[in-house]
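As structure tokens, here come the structures.
There are two complexes below, and they share chain A, which is joined by chain B in the first and by chain C in the second.
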Partner chain A sequence: MALDIAIEQAGGDRAVIALTGELDASNFTTLIEAGRKLHADGTRRIVLDLTGLSFLASSGLVALHSLIRILRGEAPPDPEEGWGAIHSLEFDVSGGGVQNEVVLVAPQAAVDRVLERTGLKRLFRVHEDRSAALADA
Partner chain B sequence: MPTPEPPGLAIGHRLSALLAPFAAFGPDLVVAVEDDAGNLIAGTPSDRPVVASAPFGDATAPLGRVVVKGTDAAGLQVATEVLAVALGTLAEAAGVDARAVEERTRIEAELALGRRLQRSFVPLVAPEVSGWALASHYEAAREVGGDFFDAFAPRDRRRELAIVMADVTGKGIAAALLMAFARPLIHAAIDHARRPAVALERTNRILVEERRAALFITALCCYVDTRSGSLVVANAGHEPPLIIRDGTMSLDEVAVGGPLLGAFPSIALDEARVTLAPGDTLVLYTDGVTDARAADGTRFGDDRFRDVLRDAASAGASARELVDTVVRSVRDFTAGEPAADDLTIVVARRLPPRPRVRRFGARSASPR
Partner chain C sequence: MIETVSAAASKSRTIEIEAHLERLADVRAFVRSSCAELGAADDCVVDLVQAVDEAATNIVIHGYGGATGPIEVTMSPAADSVRVEIRDRAPAFDPMSFGEPDLGSTRLRPGGMGIHLIRAATDSLAHRARPGGGNILTLVRTLGRREEED
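So, the complex of A and B:
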């Protein structure tokens, strides 16, 4: 299943990324790449609209976490970099509280279950719809 | 003054030195370099058939072929991987123009190393535990996920069986390396912790302190009292274990959870306590089972997985047969679609007590 990544500028240093389809091991790096590009162009906060995302594999969690780090100016290792990745595994683990870089919109039940199960949901503020998220981002 | 060696011989010596480590595989997996006529240039001579081979050297000045010979029929994949590794080693170290070494070869070799690394860490044989039947299956995705499992008696607690199932998020060499780092860490933590939650919490702390956790690990840790059947489970973000109850064939989910490893500096995990009655079966798995995808995009899914387990158990499947049935069902379902993720399943059944045979007289089949 393909993953569609739609990006909109939302004013200031904010952008909206709407995901449609499935985020899994076969495509999670494209989301990381999209985050890198946005950061390079000045984006510092992202509203991640999950309304159209029907499936989130555990690999997708890496992409969500990587987005936060990218927006903080940290460089997550490229999972496909091979041995080079060993030397770039350093990063600051999140303080454990909610972060401000990425806000989520409307995860479907299946996606919400994965976020809950893995405890990563506690990293994110979650909103019902995009406008509420934009007001918060 | 020593006679200078012919250049071909010098290359042969250098290649032989590079190939020396492969000799450790023994006669069933021999790596050598041959010229086009099949004459040995370097490596170990062998009469075994060629399992895999590839041209080696600069495209404009081929040096010959790297061949992997052996007899192990099941070893084709291994041979291909060894070949890729040998090619990478030779091309890089033998001073062949680096451009001749395709990027693809490097990546393939790394993937091969990752898979070998991973396989070497997954126990191939389940331990023998009296009164229990254990069975497992592990299958690497092409691009290596980071699944691993382990089953062992913790140090100084011989009555106990620790079963670990874990999945490093992400894929590729980074996932395989984190797996290689985490597995002994978890083992040691279990040896030193009376409670599975404590073992996982300590593992998390070390992963975070060592800053190895660019990826995360979902992990499930079960302590089984092999005599009483009582089970303590801690779960760091992993798929919950299932218990198939003998008789009713109902499926219970051990509902205990918590954050995955490596994402938070400190985690507190709950534990669930359940008891396996004789005949009950514990099933641990990774999302490679439930997330397996058919060509039309549908996932194998929780419901289908549970149906397969229930049906097989109702039909009287042994632990081994249960694992094999799941693996076969996933294969039938995906029908040749390449697996995006590793697939791992471990089944532990508490065996019903053997019926006691009262022996009259002295006819015993087994010597004392």
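So, the complex of A and C:
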């Protein structure tokens, strides 16, 4: 199944990205690129709606991390520099962990399991529906 | 493009693909359909889809490193478990040579997460050199829900 990325402006400096399909090593850079464009247009906070995402690979975690970095105005990984450069990135979960740039909506069980098993869930606020996430973003 | 799906009398099933990231979705679909035939619980299906995807991704990116070559995935029943063998012709590479990520650290590296996810999703994981060149990675996962996940 391919990955579909649907983007909606949500007022102010917020946007919603809804992912449908599977986020893997073949397509994770498209999500990073979407984040770059949104940041260039003024977006600083993203509600990432995972309702339709049925699979999240470890490469997708790199994309989530990249979104945070991009929205902070930090250098995102450059896919042209290869996988090694991406591997050298680190999540900074110090200082309480939770970041404010990306809020998650409704991860399916398979996706939630990946976030839990990698310890990354503690980076995100997670809401059951989009409206609750928007109120929190 | 190479692709074969075969089913022997033992209910063993194999898919062979060329090592391209664009084929990962086909591998995942194969794992799902094979799990259904083997009677795996949803919990097992989710884990094996994750583990095989991460292993195949490692082979494409680290094993062949931009070159191409075959990846074969064979799934077969083994008592109350599913046994998955993933074979390639890439230079010998043991994914378990990666250390475990320190999930308690304040600095988490996503690059170490692939092998961590394979370990977390399976009951056993073994690597051996393939006769004639290449690697064989064997994953075993119980068909049902694991107690430690309750």
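List of remarks:
What we mean here is this: the second predicted complex is superposed on the first by the 122 of 137 C-alpha atoms of A that agree within 3 Å, B and C clash if a C-alpha of one lies under 4 Å from a C-alpha of the other, contacts with A are read in each partner's own complex, and residues count from 1 in each chain.
Criterion: contacts are C-beta pairs under 8 Å (C-beta built on N, C-alpha and C of every residue); 3 or more make two chains touch, one makes a residue touch a chain.
None of these values were measured; they are calculated from a predicted model.
In the overlay built on the shared chain, the residue A:H65 is in contact with chain B and with chain C. Shared-chain residue A:S26: touches chain B and chain C both.
Using the contact criterion defined above for the overlaid structures, shared-chain residue A:G119 touches chain B and also reaches chain C. Of the two partner chains placed around the shared chain by superposition, neither chain B nor chain C is touched by A:T51. In the superposed model, A:A109 lies in contact with chain C only, and not with chain B.
Touched by chain B in one complex and by chain C in the other are residues 1, 22, 24-26, 55, 57-59, 61-62, 65, 83, 86, 88-91, 93-94, 117-120 of chain A. Put simply, chain C touches chain A in their complex at residues 21-22, 24-25, 28, 46, 49-50, 53-54, 57, 60-62, 101, 103-114, 116-117, 120-121.
Of all the residues in chain B, the ones that touch chain A in their complex are 106-107, 110, 141, 143, 145, 167, 169-175, 177, 208, 211-216, 218, 236-239, 257-260, 262-267, 287, 291, 293, 297, 299, 340-341. Note for the complex: chain A touches chain B at residues 1, 22, 24-26, 28, 55, 57-59, 61-62, 65, 76-77, 79-83, 85-86, 88-91, 93-96, 116-120, 122-123. Those residues of chain A that touch chain C in the shared complex are 1-2, 22, 24-26, 55, 57-59, 61-62, 65, 83, 86-94, 109-110, 113-114, 117-120.
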